[in-house]
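Listed after this line are the structures, all set down as structure tokens.
Two complexes are shown next, each including chain A; its partner changes from chain B in the first to chain C in the second.
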Partner chain A sequence: MTMKLIHVAFRNISRNRRRSLLSGIAIAVASMSIVFLFAMVQGMRDDMAQNLATYYTGEVRIRNAQYEEYERYNPIHLTVDWQRIDQALAKRSDVTAYVPRILFPSAFYVNGGNHPAVGIGADFSREAEYSDFAASIKEGRIPDAGKNEMLIGSVLARDLKLGIGDKVTIISSTAARGNNAMTLEIVGLAAFPVASLNSQFFWAPLDRVQHFLRMDNEVLEVLVMVEDDERKAAAAIKADLEPLLGSALDIKAFNDISMMYGFIELAQYIYYFIGVFFLLLGSTVIINTTMMVIYERMREIGTLGALGMHGKELTRLFFLEGVFISAIGAAVGVLVGAGITVYLGKFGLNFTDALSGIDMEISSVLYPRFNLWTTLIVYVYSVVISAAATLIPSRKASRIEPVEALRYV
Partner chain B sequence: MYRSNNMKIRMMAIVMVALVSIATVGAMSAEDIVRQMDALETFDTSYAEGEIVTTDRFGVKTSTFRSWSRGAYDSLIEFTSVAERGQKVLRTEGELYLFYPDAEELIRLQGAALRQSMLGSDISYEDMTGEKDTLSQYDVKLVGNERISGRDCYILEFSAKTRTVAYPMQKVWVDTGTYMVWKGEFSTKAGRLLKEMAVLETMTVDNRTLPKITKISDKMKRDSATEMRLSRLDIDVDLDPVIFTLQNLTW
Partner chain C sequence: MIQVQNVIRNYKTGETVVKALKGVSLDIGDGEFLSIAGPSGSGKTTLLNLIGCIDALDGGEITIEGQPVSGMDKKAKTEFRRNNLGFIFQTYNLIPVLSAFENVSFVLSILNIPEKEIEERTMRILKEVGLEGMENRRPDRLSGGQQQRIAIARALVKNPKIVLADEPTANLDSKTGEEILKLMKEMNRKYHTTFIFSTHDSMVMDYAKRLVLLHDGQIVSDERR
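Moving on, here comes the complex of A and B:
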């Protein structure tokens, strides 16, 4: 009997080809959009995690415990002892790489005026081990330790009409809570994936920045890459370092630091709900089509009822029609969505203009991330929701009396 | 009888002195008071040493300095504390220049930059090296008298003639005897208090009573105050004119 119903259901689908196509396309578009949306969110999340780890926070960040409380006052005197942290981290097997950094707001004194810029004091020999730093050099070279040199974001250089060989005097507050100025020569232009890094930041050798900011052997933060779970690693490092340094430290995993990353994680769950609504919207086409088919085939339903077909069987028949349309539509949609995702995952989506001037840790070119499991889940999810939606009109067919149905012209 | 006459004479003397004082006070216009006040703070030449002690939410920070001045317009400050050693601030010909030993160029401060905090203190560059020709920049009004730190003071209100000054409105308490400013309130045109100043201790140099310790608090900063303490002040000293040149700044 079931085989017969399946056969009849397929025949009915092909009998109403245009309507079936319309329903299938609605489901396909919804499924395709969801696959692409999820891939984009995953891509953004991965991209942000990568940028945070490489440029902003590391997977685990070590700072002075008081820094966050006073962050808005630029408390660059709230430092950590780099030498002792270096010794302690070197002994840990769960730490894969780490770099000291000094992030400091400053002003470029150019043509008699001050222009805001953010400086990063970095140990470039360590940066090479930590990330593919050299790949960001667009022109010139990385500054040498011990020399008054800087690497500048290419957009910042363009905006201030600066180039390699030019000298710039930077002004900033010091860790001694005074002011200082120092002249640095531009030896390289950098093009980082994040727009704000190119338009606001410059990099200088750690030792010169320590001298400039009167920091001795202190640094503002240490960024750490770890092997396992970042939160667990952060807790383990904290337990290890605090007794050793004898002072409280702020040691956090990157996903507990960035508010934006938290939003993206939250957005992922919100998108699951949005996905349900997308599919419900697509399903209204199926409901509408099935209802119309039921009214159109009222005499046929009456005949089937008069010949002894039960109401439950009629429900199953129309339900199966809905399931097949959903399954085919969702399959096509998921495949097209996956195809677009794989293509854009390779070539990327360029948001340079849209993201210019926006201070976010997201790259200007985004790559949607294809995930087989997510795609399969979206497929199952699409079929289940769409099929469940067809139950509403299908149940109506079971309640039609054969005598009444046969009166339909 | 003799005692009674003596009392009368004494009383008359007191009344006469009081009348003379009132007449003198009445004769002093607000502009005259300001001229006296500016004259007190302006020296042909001077040399000073002292420290700037800033207390804020992060603790106490002390910077030491030495300074030279000539007339109302030229001054040079050199910081001698370890963290700022060699940094200099020169004001000359209406311009303000900063010299930092690690910088290959002089930084000329102008406009809003003059209002930046000097060494993170409550004192701006303009406060430290400000010109002392008050009447060319402000209209002044005498609004009353008050006793401050046990001294009779005139209360003067200043309103800026130009937009180029740091404080559009000022209210100062000027000693009626020494013309030293004991207290000052510096505000925006709308009356919002920007800074407060009070003299905590005075010293006498060359028969002039001058501030030794002055407390300044920037009302835009919370829990912050700065004391400028002079440990030495020499007036009318021989100074090489080269001190106030840009060339000297970079030596």
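Moving on, here comes the complex of A and C:
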């Protein structure tokens, strides 16, 4: 009997092709949007995690315990002992790479005026191990250690009309709370994926920045890449380093540092609910179709009832029709959504204009992340929700009295 | 076989109560070929629906094969129809997406009969009603007479005790209608199935072995031939 019902239900889809198509399209559009939406959010999350880890915080960041409290005052005297941290981290098997950094606010003295810029003192030989730093060089080269050279964001260079070979005097406060100035030659232009890195930042050799800021051999932070869970690694490193250095350290995983990343993580869960609403919205079309089908086939319902079909069998018949439309619609939607995701995952979506002037750790070009498992879940999710929605009008068929249905014109 | 005792059926149309059947009593035996005749609104279809367990009565009792069907709940009535009754409708009421074969075999699959037996019985009955070679055609590719033949095959394929036909020839021309009546009569003779059909066509009445005339919800004559 079930086989026969499946057979009839499947054939019934073709009775009004245009309407079945419309219902299927509604489910398909909803499923496609959800697949793309989830891939987009996942892509944003991965991109942000990548940017945070590479340029801003590492997977685990080590700072002086008091730094965060006084961060707004530029407390570059609140440093960490780079040499001892270096020795300790080198022994850890869960640490894959780490770099020392000094992040400092400064002003460029250019064309008779001061222009704000953020400097990063970096050990470029270590940066090469830490990330594919060289890939960000658009023109020129990476500055040499021990030389007054800088790498500058390409947008900042363009805005200040600077180029390779130009010399720029930078002004900043030192660790001794005095002011200092140093002239650096631009040897490279960088194009990072994050817009703000290109428009506000410049990079200089760590030793020159230490000298400039009067920091001896100290650094402001150490960014660490780890093998496993970042939070667990942060706790383990903290337990290891604090007794060794004899001072409190602020050691945190990147996902506990960036508020924006937390928002994106939260947004991902919110989008799961939005996905349900998308599908419920799409399901209203299939509910409407099923209701119309029931009214159109009233005499048929009466006939089947007279021939001895029970109410639950009639419900199953209309429900199966809905399931087929949902399954086909969701399959098409998920495939199209996956296709779009794979395509854009390769070529990216350019948000350069939209993100210009926004200080976020998200790349200007975003790549939706295709995930087979998520796509399969979306498919099952789409079929279950839209089929469940069909059940509501389908139950009506079981309550119709055959004698009334046979009288229906 | 069928005892209809003092059956009353009223319908409410707005504030008006229409008395469709006003205490009808009738005994129908095994293998009868009975026509319920009368003008429109006389209560023919209502009586057929009540015997067919698809309508509920307001008074009296109907017993089929010793079972008081009028007291059954919806599920029991459906089960009873499934096992004991066949229906033929004026507008054929075939499922348009199914072929002739599938329309007939569908009734047997409801009864959970093995596939092989379904195929044998369906092919046999289609041959008997003269549709051999047309089993794969859908209703829209068949004439009215051929569609009604499918409906007859569908009603008979499960070997019911009773077949109820509501104006089975009303949508057919007189020649085709006569062919359908001949077929029904032949099936009645061959399978000893009780046929009860409603009509207001005198040609159809002539074919009946027993003619019950209804007028304003009451039996005005009951003639055996």
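The working rule: the second predicted complex is superposed on the first by the 409 of 409 C-alpha atoms of A that agree within 3 Å, B and C clash if a C-alpha of one lies under 4 Å from a C-alpha of the other, contacts with A are read in each partner's own complex, and residues count from 1 in each chain.
Basically, contacts are C-beta pairs under 8 Å (C-beta built on N, C-alpha and C of every residue); 3 or more make two chains touch, one makes a residue touch a chain.
Predicted model, so just to flag it, every value in this text is computed and none were measured.
Peer 1: After the overlay on chain A, what do you see for chain B versus chain C, clash or fit?
Peer 2: In the arrangement built by aligning on chain A, the partners chain C and chain B fit side by side.
Peer 1: Quick check on the superposed pair: does A:Leu281 touch chain B, chain C, both, or neither? Answer first, second, both or neither.
Peer 2: After superposition on chain A, A:Leu281 lies in contact with neither partner.
Peer 1: Please work out whether A:Ala135 is in contact with chain B alone, chain C alone, both, or neither, and reply first, second, both or neither.
Peer 2: It touches nothing on chain B or chain C.
Peer 1: Mind working out whether A:Pro402 is in touch with chain B, chain C, both or neither, as first, second, both or neither?
Peer 2: Once the two structures are laid over each other on A, A:Pro402 reaches chain C alone.
Peer 1: Per the contact definition in the header, classify A:Arg299: touching chain B only (first), chain C only (second), both, or neither.
Peer 2: second
Peer 1: If we overlay the two complexes on their shared chain A, which of chain B and chain C does A:Tyr70 touch? Say first, second, both or neither.
Peer 2: In the superposition, A:Tyr70 contacts chain B only.
Peer 1: What is the contact status of A:Ala239 with respect to chain B (first) and chain C (second): first, second, both, or neither?
Peer 2: A:Ala239 sits against neither chain B nor chain C.
Peer 1: Contacts for A:Met309 in the overlay, against chain B (first) and chain C (second): which applies, first, second, both or neither?
Peer 2: It touches chain C, and chain B stays clear.
Peer 1: By the touch definition at the top of the document, which applies to A:Val380: first (chain B), second (chain C), both, or neither?
Peer 2: A:Val380: touches no partner chain.
Peer 1: Of the two partner chains, chain B (first) and chain C (second), which one does A:Ile171 touch, if any: first, second, both, or neither?
Peer 2: first
Peer 1: So if I take every C-alpha atom in chain B and every one in chain C after superposing, what is the smallest distance between them in Å?
Peer 2: Distance of closest C-alpha approach: 83 Å.
Peer 1: Can you list the residues on chain B that touch chain A in the complex?
Peer 2: Within the complex, chain B contacts chain A at residues 54, 57-58, 61, 63, 83-84, 87, 98, 100, 102-105, 107-108, 110, 113, 118-120.
Peer 1: How about chain A: which of its residues touch chain B in the complex?
Peer 2: It is residues 70, 73, 75, 77, 109, 112, 114, 148, 167, 169, 171, 173-174, 176-183, 211-212, 214 of chain A that touch chain B.
Peer 1: Per the contact definition, I'd like the list of chain C residues that touch chain A in the complex.
Peer 2: Touching chain A: residues 49, 52, 54-55, 74-75, 78-79, 81-83, 85, 87, 89, 91, 93, 95-98, 102, 106-107, 109-112, 154 of chain C.
Peer 1: Please name which positions on chain A make contact with chain C in the complex.
Peer 2: Against chain C, chain A makes touches at 1, 3-4, 7-8, 11-12, 14-15, 299-300, 302-303, 305-311, 313, 401-403, 406.
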